[in-house]
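Handing you a structure now.
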Amino acid sequence: MDIATLGNMLNTAFVFSTALILAALGGILSERSGVVNIGLEGLMTAGAFASAVSAFRAEEAGYGAASPWIGLIAGALFGVLFALIHAVATITFRADQVVSGIVINFIATGSTLYLVKQLFDGAGETSLVDETFHKWEIPGLSEIPIIGDGIFNAYPTTYLAIILVGIVFYVLYKSTFGLRLRAVGEHPSAADTVGIKVLRMRYTAVLLSGLLAGMGGATIALTTTGTFSHNTISGQGFIALAAVIFGKWNPLGAMGAAVFFGFAQSINNVLQLFDFSSHIPSEFIYMLPYVLTILVLVGAVGRSRAPGALGEPYYQGKR
Amino acid sequence: MNKLIKAFTKDSAVVPLIAILLGLIVGAVIMWLGGYDPILAYRSLFEKVFSNPYDFGETLTAITPLVFTGLSVAFAFRTGLFNIGAEGQYIMGMTGATFVGVNLHMPWYIHAPMAIVVGTLVGGIWGMIAGYLKAARGVNEVITTIMLNWIALHLSNYVVRRFLLEEGKGRSYIVDENAQVTIGWLSRLLDDARVHWGMFFALLAVIFVYAFLFRTKQGYELRVVGSNADAAQYAGINVNAGIVKAMFISGALAGMAGVFQVLGVFMNQAIAAGTTGHGFDGIAVALLGGNNPIGVLLGAILFGTLSYGAAGMSFGADVPPEIIRIVIGSVIFFVAAPGIIRWGMKKFKRKPSKGEAV
Amino acid sequence: ACGSKNDNNNNGAASPSASPTASASASPSASADTSGKDFKFAMVTDVGGVNDKSFNQSAWEGLQRLEKEHGATVDYLESKEATNYLTNINQFVREKYNLTWGIGFLMGDAVKDAATKNPDAQLAIIDNVVEAPNVASITFAENEGSFLVGVVAGLMTKTNKIGFVGGIDIPVIKRFDLGFEAGVKAVNPNAEINKIYTGAFDKADLGKAAAASIYNDGADIIFHAAGGTGNGVFNEAKERNKSAAADKKVWVIGVDKDQSLEFGDDVTLTSMMKRVDEAVYSVSKQMIDGSFPAGKITTLGLKDNAVGLPDTSSKNVPADILAKVEEYKQKIISGEITVPTAQ
Amino acid sequence: MEQARTVVEMRNITKRFPGIVANDNVTFTLGKGEIHALLGENGAGKSTLMNILFGLYQPEEGEIFVNGQKVDIDGPNKAIKLGIGMVHQHFKLVHPFTVTENIILGSEPKKWMGLAIDRKLAYEKVGQLSKQYGLNIDPYAKIDDISVGMQQRVEILKTLYRGADILIFDEPTAVLTPQEIAELLVIMRNLVQQGKSIILITHKLKEIIAIADKVTIVRRGKVIDSLPVAGTNPNMLAEKMVGREVSLKFDKKDAVIGDPVLEVDRLVMKGRGGLHALNETSFVLRRGEILGIAGVEGNGQSELIEALTGLRSVSGGSIKLAGEEIAGKPTRKISEAGLSLIPEDRHKHGLVLDFPVRENMVLETYYQAPYTKGGFLNFPEIEKHAERLVKEFDVRTPSIMSEARALSGGNQQKAIIAREVDKNPEVLIAAQPTRGLDVGAIEFIHKRLVEQRNMGKAVLLVSYELDEIMQLSDRIAVIYEGRIVGEVKPSDTNDQQLGMMMTDYKAPQGGPEN
């Protein structure tokens, strides 16, 4: 394996993991505020759907290269819409957070497909978006060996995801908002007694998680598939959830986990290009990313500690 | 009898009924907005399920695996574990049963039971892996079960291809007749619907899970572990063993879903491109049923009926069957957030009294 | 989709290999717009759904044509999971549809079951063989068509590296794979072929990653037989062509339909067409005409024009290469070349 | 002391919870510079009243005046604005955060136009405040790593940081060591001198006498009396509070001491950071005696209990229960061999809060006959058992089917004690058995422990409360840094001497007991 291959693998890993990173960031914000978000899959689905439709419509309307950006924004907003359902159910009505998340997954897959059929004359797939995102090569930086190929020649959404990791990290650990958010997720009544509006914080966090996961879904539609259909999002949301836990609810950790997973996927492709791979049953190659993930978890990372109040609805003393 | 009436007029019974009604209304509104005829759609749905013996029988067949996976998830929940891996355990259970069903040849009274037992054990072991990793290494079971789902998919494809493949068919050989668990007479009675013994095993499983969890000492132990692991440890209960045991049972239940699908419905195992969704649907069923075995049964019946009837809806009223997922989602939503219904009920009840006051 | 080759195919597909009823089908669909008005045709999709941009969709187009041209009643049901195959077929059988299609390899057992239990019903299946007196089995010689796109690839590669992205390693896909490889080797024995099976038909992200690996390894043409996973292959190629220099241009060879219509001819070199629509149309038409090939296996290959390259290929493939393709086509039809296949 | 101005006046407050009137027409006034104690049984409604003053609950009826102004306290924010601060019964601290982060939470100093927290300034400010009030806390420490006493100071600092003039302390001393209590009392006096007014909820009559100016007594949601502390005595207060006579001191018979039943020999257990949590701990417990383990929290008491019960493995030494080695054996085996534990944390370790009382009563014996027959639980027997215990130990619960969560703290504790005592153990370990309980409940529990000892059983009492230790123990062993540093008889010692031994080893004249 030469250096170029390594760079290419890293590149594939980042492309693959962009959506996972974004969705995982969403998951982190929501869960750090104490709200379990098992609905990431559904939020991604909503985002992918809205982005494919809007980008296509924008392209039709002649927005050209702005179309994918319009799609990205639409995806984010649609994610927020579905996250709102989760927020209302779990925060205002104190529904079980896991249940509500599963409901989001159900309603998102059902309603987006239904809408696709409504919008595209009964077709099960949106029309292909031609104006998708293109890779941006960062001049200069892309010359660096390995990471030049690996990171600095990527989709704008990948850069966006990496920047957002930084922003979310900063917000969580350096800003007042982050301190309060984490307090709400660890010990809501402690936050309440110092005058923090617990429910408002949780609403904000859950809606942001919709925004980010929606964006994550959108990146898949706008860089990988170009369309939205019933299988555009198939399991990525759950992998993102795994990345949240794997990364110990820390943005950098989650990014590491997502990229690791993407890297394992690209190893599995590169492996098939070698001759010796013909002796390995292909199924074992497909398993590789998942097996590696488990091995890494078993070997390196110990128990991860969830936010203290994760999953608990907050009652401010019953009336 | 009085008790029964009371049970049904209690808040806890009214709420789910209202939830179902509201879910159907949400679906109706969406259909209506989309220009479809909701009345016709629902009529087609229920006609599909109840108007002829064949479809009725097939509906029962559709409900059966949901009972198992629903129980699997609910059981794990009760013991404090979130098993997202019913999907993988289902596949592994299926593979185990297919292996025995295809590769061994024995009289029926050994073959079928053996296929069932082996499949169930394989499913259980698959669940146990996640349990073991949690107990011994502290790895969160949510991640491992997600990963194990994918591993199970590919592993079973490998097993089918390597050991069971019927050349050119893309699937295993048909399992021996002696390993099949169809019910011939009932099937004939129901116009050849693929009814099988799994249905009765599902009912037994409901009773088993109920009795095990709430009536046996082992079930008690697992519930203590699930509800307060620290207290369990103080009480001298082996928490780690409990986790492994619980995941084994949960996996075995999900495995049985796969076992009966192959021995009762498909008779062979295809090389699969993706997961079936039965495991994930099991989460929904468990939640519909409030993680209570009886609730799971009712939840599976509701879920299975609606899903199976969805084909009738698209056949009879040209409504996209996706709408049913929205309906099911809404029902779960309203079941899960009884606050919404209670809140609505209160408003509803209060109105007349206000009127009186004026 | 493309109606340019209608006449051609109509004849071709309507002359099944050993059918004694060939004469009946010779009466063309010229007039008789309502000849099918008493007929009800239906199809059941596999889990891909009717808009899979692949054989399900193609099959449905065939049925729709039947409705348009002959006034037949047509309908379909989508299967959400494998258990639905049989129940969906039975829905139509019970409603006394004249002919019910099972679309796709996976439907084999279900069609067999329905046919055995309902000897009066007529059924047909695509991509699989069901031995029953009331079932028409239609399969395609994908290896033959793939051989021809292999010829194109072998002759047009500049890097002498070619890729293949498969869905799951099953016999149908293996036929694409082996035929393609044989075609490449026939014209360019030195070319290296890199194959990746993604293990899925519905994961564009895996297709994209696989294509990236192959292109990174130096290949300039990828043939995909991976359904929706192939979308990722196209997107990767498009992406590369947007930024890369002209001499680094990469190509994709599409599958099942003329994929240049969807993904554009700046990335689609050509496609290995599989005329499921034609097959469904013509065999259903035979039912109207009273010559339904019940109990027969019809293998549609190059000689039936049921597989092969679309006309649009001339856009990107030079005439001399197309001539070469035609040459090999004749050799295959005549039996001079036997293309390897898979069971 | 100045008693002039009224700073808080709560008039005719009524607060109802489903099925109970927690505050029934309560009127309460707090004067400036006053320390005003609130006294009442568990569940009398003290916390509820204070939660109303702090804006956490809204009363159904009544008015509140702060500094003469009628106010509507609709949330903690409003309370904070009015200069009210509260140190809650259950601390409201975010454990993974540092001391400073907890203190500034909600009113953080900012920099970069509000984009970031000015941590430097925050740490400085907290350090300064700590010094100003003599609280002596490390602003950088994580809450997880500091003692309960320190945590409480963080709570106090939280209110001071927000500029509170009216401080509410809800059972501040329940979790403190004697030293910490003494220090807290100093701090409170200090605060009053700086112009603050304090409301103090406590079950410890001694403290009220020691520090409060006024006391208001609440029973079942109603105010029974409000009077100056001067001229009262503990017995009188207890009587008013419970509504009957309470014996604060009871007479124990002399101990009839028998054979050694628990012999702990040079027990070693590794702790955090390479230190030994248990460092060659040795002692002997005999039948018919109560041995009190006195010590400041964090000197190995928890580890000792975990070692004795098999919850954690030891790295050296031996534990003999009735002659049998039990070190390293699983918890269940030890329990079967005759050792019972009343754990310190009843919610976390003692009960399954979501289970009915019925099931909690067999938490350790469920698998034995007659509660299990052929693998199945025998509910009639379990119920009989639960009914009997509930009756014998006066556990007040609507029914044995009520969830343990629904019981008050005192009754939860009684349920645990009933369960453990009924196992008829050779050795009963009682860890903090009366923490947070009212005098009535304490009296009941103490009686039960002495009863065990009188029956010839051995009781190991681990408590941070010197009063409790002095009152109950036949012998006191002092633990310091994981080692028993001395043994004394209660009659031969006093608080000061014990306190000295607990903080640093100074050989007492008595020496190890004969």
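In this document, chain identifiers A, B, C and D correspond to the written order of the chains, with residue numbering beginning at 1 in each.
The rule we apply is simple: a residue touches a chain if its C-beta (ideal position, glycine included) is under 8 Å from a C-beta of that chain, and two chains touch if they have at least 3 such contacts.
Keep in mind that this is a model prediction, so the values were computed, not measured.
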What chains do chain A and chain B have as common neighbours? C, D
When the C-alpha atoms of chain A and chain D are each averaged to a single point, how far apart are the two points in Å? 45
Would you mind pulling out the distance in Å between where the CA atoms of chain C average out and where those of chain D do? 77
Just the number, please: Cα centre separation of chain B and chain C in whole Å. 37
Please compute the C-alpha centroid of chain B, do the same for chain D, then give the distance between them in whole Å. 47
Touching two or more other chains - residue numbers and ranges from chain B: 154, 157, 161, 274
Return the residues of chain C touching two or more other chains; collapse runs of consecutive numbers into ranges. 78, 169, 199, 202
Residues of chain A engaged with two or more neighbouring chains: 231, 234, 283, 286
Here the pairs of chains that touch are A-B, A-C, A-D, B-C, B-D
Provide the residue numbers of chain A that touch chain D in the complex, in ascending order. 174-176, 179-180, 182-183, 186-187, 189-196, 305, 308, 316-319
Of chain A, residues touching chain B in the complex: 85, 89, 92-96, 98-100, 102-107, 109-111, 113-114, 117-118, 231, 234-235, 238-239, 241-242, 245-246, 281, 283-284, 286-287, 289-291, 293-294, 297-298, 301-304
Spell out the residues on chain A that touch chain C in their complex, using ranges where they run on. 4-5, 8-9, 11-12, 15-16, 122-125, 128, 130, 132, 134-135, 137, 220, 223-227, 229-232, 234, 236, 265-266, 269-270, 272-273, 282-283, 286
Quick check on the complex: what are the chain C residues that touch chain A? 49-53, 78, 169, 194-197, 199, 202-206, 208-210, 212-214, 216-217, 228, 231-232, 234-235, 238-239, 242-243, 262-264
Provide the residue numbers of chain D that touch chain B in the complex, in ascending order. 309-311, 330-335, 341, 343, 348-355, 359, 363-364, 366-367, 371-372, 375-377
